[in-house]
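Please read the structure below before turning to the comments.
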Amino acid sequence: MPDNIYLPQLARVAYIKDEVYGERAIKTFRVEPVDGKLFDHECGQCAMLSIFGRGESMISIASSPLIREYKQFSIMKVGRVSSAFHELEVGDVIGIRGPYGNSFPVDDWRGKNLYFIGGGCGLAPIWPVITTAVAQRDYFKNITVFYGGRTSRDIMYRTELEKLRDSVDVHLSIDKAEEGWEGYCGFVPAAVMDKDPNPGNAIAITCGPPIMIKFVIQNLNKLGFKDEQIYTTIENKMKCGIGKCGRCNVGKDYVCVKGPVYSWAELKHLPEEY
Amino acid sequence: MINLQDIRDTARDMLAKGEVRTVIGYRRGTRGMLAEPAFITDPAQADDLVWNPTCFHNLSLYLVEDRKFLAHLRQNPGAPIGIVAKGCDARSIVVLMQEHYFKREDVYIIGVSCEGTGVVDERKLAPHLNGFQASDAVFDGDDFVFTTAQGEKRLPAREVMADRCLECRIPFPKEHNLVFGEDKTGRQLAEPFAALKRFEAQEGGDRWNFWSHHFDRCIRCFACRSVCPMCYCDECVVDSITFPVTSETSAEEKANRIRWIERSATRSENITYLMTRAMHLAGRCTDCGECERACPVNVPIRLLNNKMEREAREKFGFEPGASIGGPSLVASFLDNDPGDFIR
Amino acid sequence: MEKILEKKRIDDWIKALSDWEVHAPALQDGIWTYQPVSGAIRLDHPNTNQSPKGFAFPQREIFFSFEQIKGEPPKLKQVLPKTPQHAVFGVRPCDGRGVPRMDKVFNDHVEDPYYNARRKNVAYVGLACNKPPSPNCFCLSVGGSPVSTDGLDVQLTDMGDRYFVKAITEAGKALMKAADGMFSDPSAAEQKQLKQVHAEAVAHPQRKVNDPDGAPAKLKANFNSPLWEEMARACIGCGICTFLCPTCHCFDINDEVQNKAPLKGQRVRTWDNCQFPDFTMHSSGHNPRENTGARLRQRVNHKFQYFHENFGMHQCTGCGRCITGCPVGIDIVTVVNKVTEHAG
Amino acid sequence: MSKKRTGVFVCHCGTNIAATVDVARVAKEMADESTVAFTQEYVYMCSEPGQESVVQAIKDNKLDSVVVTCCSPNLHEKTFRDNAQRAGINNFTCEIANIREQCSWVHADKAKGTEKAIKISRSVVRRVNHNKPMDAIAVPVTKRAMIIGGGVAGIQAALDIGNAGIEVILVEKQATIGGRMLQLSETFPTLDCSQCVLSPKMVEVKRHPKVKLMTYSEVQEVSGSVGSFQVKILKKPTFVDPDKCKICDHCTEVCPVVVPNEYELGLTARRAIYIPYAQAIPASFTLDEDACLGLNPVRCGKCKDVCEAGAINYDMRPQTVTEDVGAIVVATGFDLYDQANMPEMGGGKVEDVLDGLQFERLCSASGATQGHIMRPSDHKVPKDVVFIQCVGSRDPAKHCAYCSKICCMYTAKHARLYKKHVPEGRAYVFYIDIRSGGKGYEEFVQRTMEDDDTLYLRGRVSKLYRKDGKVRVLGTDTLTGQNVEIDADMVVLALAMVPSKGTVEIAKTLKIGRDKDGFLAEAHPKLRPVESVTGGIYLAGAAQAPKDIPETVAQAGAAASKVIALLSQTTLSRSPLIAKVRRSHCTGCGMCVDACPFIAIRLEGGKAVVNEALCEGCGSCSATCLRAAIDVKNVTQLQIHEMIEACLA
Amino acid sequence: MSEQQDYEPRIVAFLCKWCSSAGSDLAGVSRIQYPANATPITVPCTGAISPMYILSAFNKGADGVLVSGCHIGDCHYIEGNFLARRKMQLIMELIEFIGVEPNRFRMSWVSAAEGAKFATVITDFVNDLKPLGPQDKLKRAEQA
């Protein structure tokens, strides 16, 4: 860690991709260090990104820790800072500090079946786990990805998901039927039920809108998944990233330090303040 | 004299009959003598209500909160809400209704006349108690009587009364459904704007020294704004600690919120905040004095509001909270408004 | 190091502290605040209006400045505070106990360079409370005491015409050494008197949190109690309670822009407040602590449960400022008592 | 959303801008703005190559907004917005920064001028960052026009518009149309009879199927905007039914009330019931309510008794009618400068000192003296008549700064008419210099001087007063340097033309600007001389500036053709820069409703709602709203905030 | 002293589009010279000028703020300037009340025909501001 944890490192935007257009647009950014190297991270960790003059925002790192050359972030345009991100061009320099928070215990899951269940922009926080697992495909048994968007235009990482099909099961869904859509139509929790995943020797990792997570977990429980087998990440408003500014706490835990990754066994005992 | 039991009986009665769903009044707090806002819904609790010289809160603030809460729940008000209101508070209610914040029939105003008195100013009282805290305060004619650990302390009301009460021109809730106490409109213990005049006389040419000192001291805790029934905006234009987000709110709109001032509590930003607040209260402030009372660092906020009130009165003949249908100060004009300052 | 200082010589002592910037409580504009000492001081103040936390954690702290010319990378300039040595006189034991709590927050997990840069240059000269300086004092309920030396560098005890001066830390000793000749050694009688004064101080009645030890568990159990909403009904959502508190540390970080092109500005930390609605509001508008009840619960639970769970002590030091300052009479003692009684 | 890509185009305007503003620096500074993707300077941005380069640059650089820093937006805003549209971007994303009128032309110091130009340009760049593309609002056009003022200008405009098949309402304050021209005897330079020329046109107006004549009527209120005005007109009662009135004149014979006749400029008297002129249109009597003994058969009732046609009706009441029209022509004419302002000319109190219009009436065959020139004091034929030009005109220190333009000509005409009537009389003309530009005008004046032996004295009259039954005129002949003293039988003052009282009032009613002299202001002195600053309102005749009859008629025709062009469209586009409510911030307090001058906002479901058809985009609502919940599009509080910041950066 | 002479006050001039902005255009067309201290911001009407703008301009460092619009009765929007007159009077009083020199705020009526008056208004304002020196009371301090 640097001496001054609040002082960001400079990073250059090397690549920008439009994932989703429209009012809730999502763009993916790859950033590279301007000087030296960036910090190492683990799956599920976040970084505080700055646009100087606009402010900072905590964003989960969407690239695999195995990739050291750059870090990838997918950012939905929702407010002041994220809108500024959507105005960036390749070559622009931003600030980055981190990594923050805990991580998915990926190493503990070796030899298990992995189910990833994502919705909307909730694919980004679990994407490093998916890509790491795929990169270390031999370590894991079956890998299944459920992912849904409101419409087909809201599906992010479209080409990457298609590529995944080579080595993992990918089930895409959209909320309402559309012409030309071959995947599942309906909400993600239902899509999961539809495929009836087996809880045996399995871990389920879910991320998405709170309401989706809630029903996914209910359904997983119904399917026989134990609370310890279900992992999710939560996001709360953060400013410092180091457990001092006081706003991201859920009970005694600062999400930026103890989170954002929780097993449902842990999370269900925390107050519902997220 | 106001018979407290009458107020309690009325509240109990109305609650029991379902004529009001809540009575907002005052009850004894747990810190010394001070009253605190009470929200009585159970007729059995009506006897909690008190009326004494520490009933300073302008409870109309909670009518605003109530409406916001109902709007949040998407509920209709149903039975009206009862509220104990002094003269200044009742005028605040009038301004709120003038601004369509709620309808007349949604509120049942249980008026209480301040008669020949007013509420205590804790800052004036403190030196009289030699560091002791009073556990009770009551009206007694021209005196306030305080109970302290050292016994009873009787003080002439005008010595410890809030300036605004001394200067009050209309210590009677003209707008009411029911009123307790005599209408002593016109009684003034001090002339209107006396504190303002004192300030102007004393500060003379050195206003800036005075004000810059106070502007430096503001910690922007926003208590003045939070306690003010007129500061009911969902988002404050100057410095927002909240912003309304609906499904219609675009990311762009959120990104483009104007930052008129910075979050730092520095002098220039504090001035812009406090001045804007004074401008926005012009013609709306009914001089309930809550902002100044709430201020933890004693910034004399009331002077700013008083100044605006006096200008509006003298230049435009405007009296805030005079009538529900009346025009608001800055949305109206008279052909003969003074214009001699214009070149 | 324990010494006796004649009361009338306290100003001489302060004069001798030429290497320190001395602050002490002074009455100005009707409130007691810490002011730079420019003449004689009197240490008979009630609780100051604001706690002395600002010496190490000011309301506004510039983190760094940034400049950027279009097409070039931004240039950042770290702005670490370089403060002179401060000696803060007249710190009440409750505020003294705030100091280690703040130290914990700002050094837990990661060290905060700004806090520490200031903190290392502040020495707190405490003043034991012979009687409670505020009607809302309740330090005894939260593990404190009117004669606690926790967090202080020096403790003064008022013994009529003299102070009993006790150095607690090395920094405290340095302060005393700066005016070595002014002090005398305490006699046995004086030692005895000190014990007497302290014993009386502790015996003074205070407001009381009924079950401080049970509070963490009971608050946890009552997280979903409707009491919160009820007790917060009058809450107006201002920031007084936290701004005045000796242990509230929440802050916000913002970029303040002086010029847009070429870009010039600074990243600034300012106090923030868990009672403000936007404190936890997500950009989406979703707010985990949406109403005043949830926000009151956060403040109370933070003081009496979360901090306790993390650090084994109550964060609240019982200074009573939030009670005195609250415009609508929300009283943390009453609130904690009600909730814990409710858990019964 | 990608970053804004703004292009900034800095115009040199030859040396008009470049002489005081370092245009290269302006361009460079703008290039530093984060949203500026392209800058360019050019010698004349508004020239064809300049405009082309703007279009090309927008296309080449994928610009999404444009700032042209040049002259006043009044001149070329439309030009460049059109170019923006031509280049495929929305025209409302183009803004003008005025660095000429508001900068280079008024500052000499290049350093300071450049600084200011940068601030102005930067503020507009920051503003345009938040401009939203938008489309003009289509407003249906009401195919009717209204002419205010029934003088020759109004008559001409009404006929021209009517002849185009468009319905037109002609509103005249007086009891008859005809205006000032009807008061004239002959017209220069042809000396043809004024009434003979005008009367047929008046009759045509009366008979025209497309012209609705409203005399004795006044415009009270106008609302709406171009293409759709609502005009409230007060019809004053004449108490005589024009359809029944046979103009038999019996009523005036019995009317007991005598008042000065304003149509004869007080030279004669009339009755309370009267007809202004024999040729009045409508040909009907009017009962002057103020003069009449009481509109009450009990008190007088004589006229009603004698009226065989039964045309008189005392029960008529003022009527207010509202007319919807798409365009308005204002032709409210002129008055003469008040003699009371001119004590050196007797202040209107010296007998036998007449103004030009009074002299017209003296000369007119239909006038009080049936065309015999007699002096009012004793009805004798005046033998020495002094004509004084420029009375009140061209005197910036004391009176009107401008030249009233027609006085030289009508004074020459007066002198000739006088000599025709009184061949033995002596005519003197005091003048400053003779301005006789116009077809046949110079020849006319020369003939007056030479053939009619009129003595032209170059100089000003310093004083005149009554002495021994005559008017003593003291002046100087600046050509000889001699003081001149003339004992005149009559003096005729060529008083300055000033906007009529009605013009002053109508300008307020219509909210159209007036110039420094009080005449109605044209939208542009050269390029838009017949349009007012307000869309859909046009100007004709002497209400706009002093002018003679041919010019008046020409302008009336021009205004008419503008109206015809406007009304030939079925819809008009209205500025979309109107108020917009941020519903999430609106608390429904209704202050904007009270503040709106156009009654364009109402509360609906506890939120303010803007009526787009009525909103004019003035912004009173937004400045009144305490919570910034209402903004004028593209002039939002955010934009003003950014501009303030840019001005002070 | 020389500093005082060199000092050039920065003025933000809010001009209504119909009268004062047009008046300033006329000053330009007539080449009437005046000091370059005032940067114009054209708004539809003086009625559209929120008191916030005045405070903000001072906050951002303006030494003087001018509000100029149509004469009473001439407002293109009928009554916008009446509304402005009230608001501006209030803000002016408030600024003066806290001890800011009243000469730092000015309101004027300048019609489209009054190019010369516009120049005079600016010239006078600049002359009145110069002796006051820079406005640093409401101005956001430059930090670090």
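All chains are identified by letter, namely A, B, C, D and E, in their written order; residue positions are counted from 1 within each chain.
Assume a contact is a pair of C-beta atoms (placed from the backbone, for glycine too) under 8 Å apart; a residue touches a chain by one contact, two chains touch by 3 or more.
Fair warning: this is a prediction, and the values are worked out from it, not measured in the lab.
Enquirer: Which chain lies the greatest distance away from chain D when centres are computed from Cα atoms alone?
Expert: C
Enquirer: Tell me which has more C-beta contacts between its two chains, A-D or B-E.
Expert: Looking at A-D and B-E side by side, B-E shows more C-beta contacts.
Enquirer: Which chain's mean C-alpha position is nearest the mean C-alpha position of the whole protein set?
Expert: Centre-most chain by C-alpha means: E.
Enquirer: Whole-Å distance, chain C centre to chain D centre, using C-alpha means?
Expert: 74
Enquirer: Just curious, how far off is chain B from chain A if you go by their C-alpha centres, in Å?
Expert: For chain A versus chain B, the centre distance works out to 49 Å.
Enquirer: Taking the mean of the CA coordinates per chain, how far is chain A from chain C in Å?
Expert: Result: the chain centres lie 39 Å from each other.
Enquirer: At which residue positions does chain E touch at least two other chains?
Expert: 51-52, 56, 79, 83, 87, 140
Enquirer: Residues of chain D that touch two or more other chains: which are they?
Expert: Those would be 1, 595, 624, 637, 641, 645.
Enquirer: For chain C, which residues are shared contacts with two or more other chains?
Expert: 252, 254, 256, 260, 263, 279, 281, 283-284
Enquirer: Which positions of chain A touch chain B when the two form their complex?
Expert: 23-24, 77-80, 82-84
Enquirer: Which chain D residues qualify as touching chain C in the complex?
Expert: 31-34, 122, 126, 645-646, 649
Enquirer: For chain D, which residues are in contact with chain B within the complex?
Expert: Within the complex, chain D touches chain B at residues 1, 130, 582-585, 587-595, 603, 606, 624, 626-628, 637-638, 641.
Enquirer: Can you list the residues on chain A that touch chain C in the complex?
Expert: 1, 3-8, 10, 12, 34, 50, 52-56, 78-80, 82, 93, 95, 210, 235-237, 239-240, 242-252, 257, 271-274
Enquirer: Show me the residue ranges of chain C that touch chain B in the complex, using the header's touch definition.
Expert: 29-31, 33, 46, 49-50, 59-60, 135-136, 233-234, 236-240, 243-244, 252, 254, 256, 268, 270-271, 273, 276-279, 281, 283-285, 323-325, 327-331, 333-334
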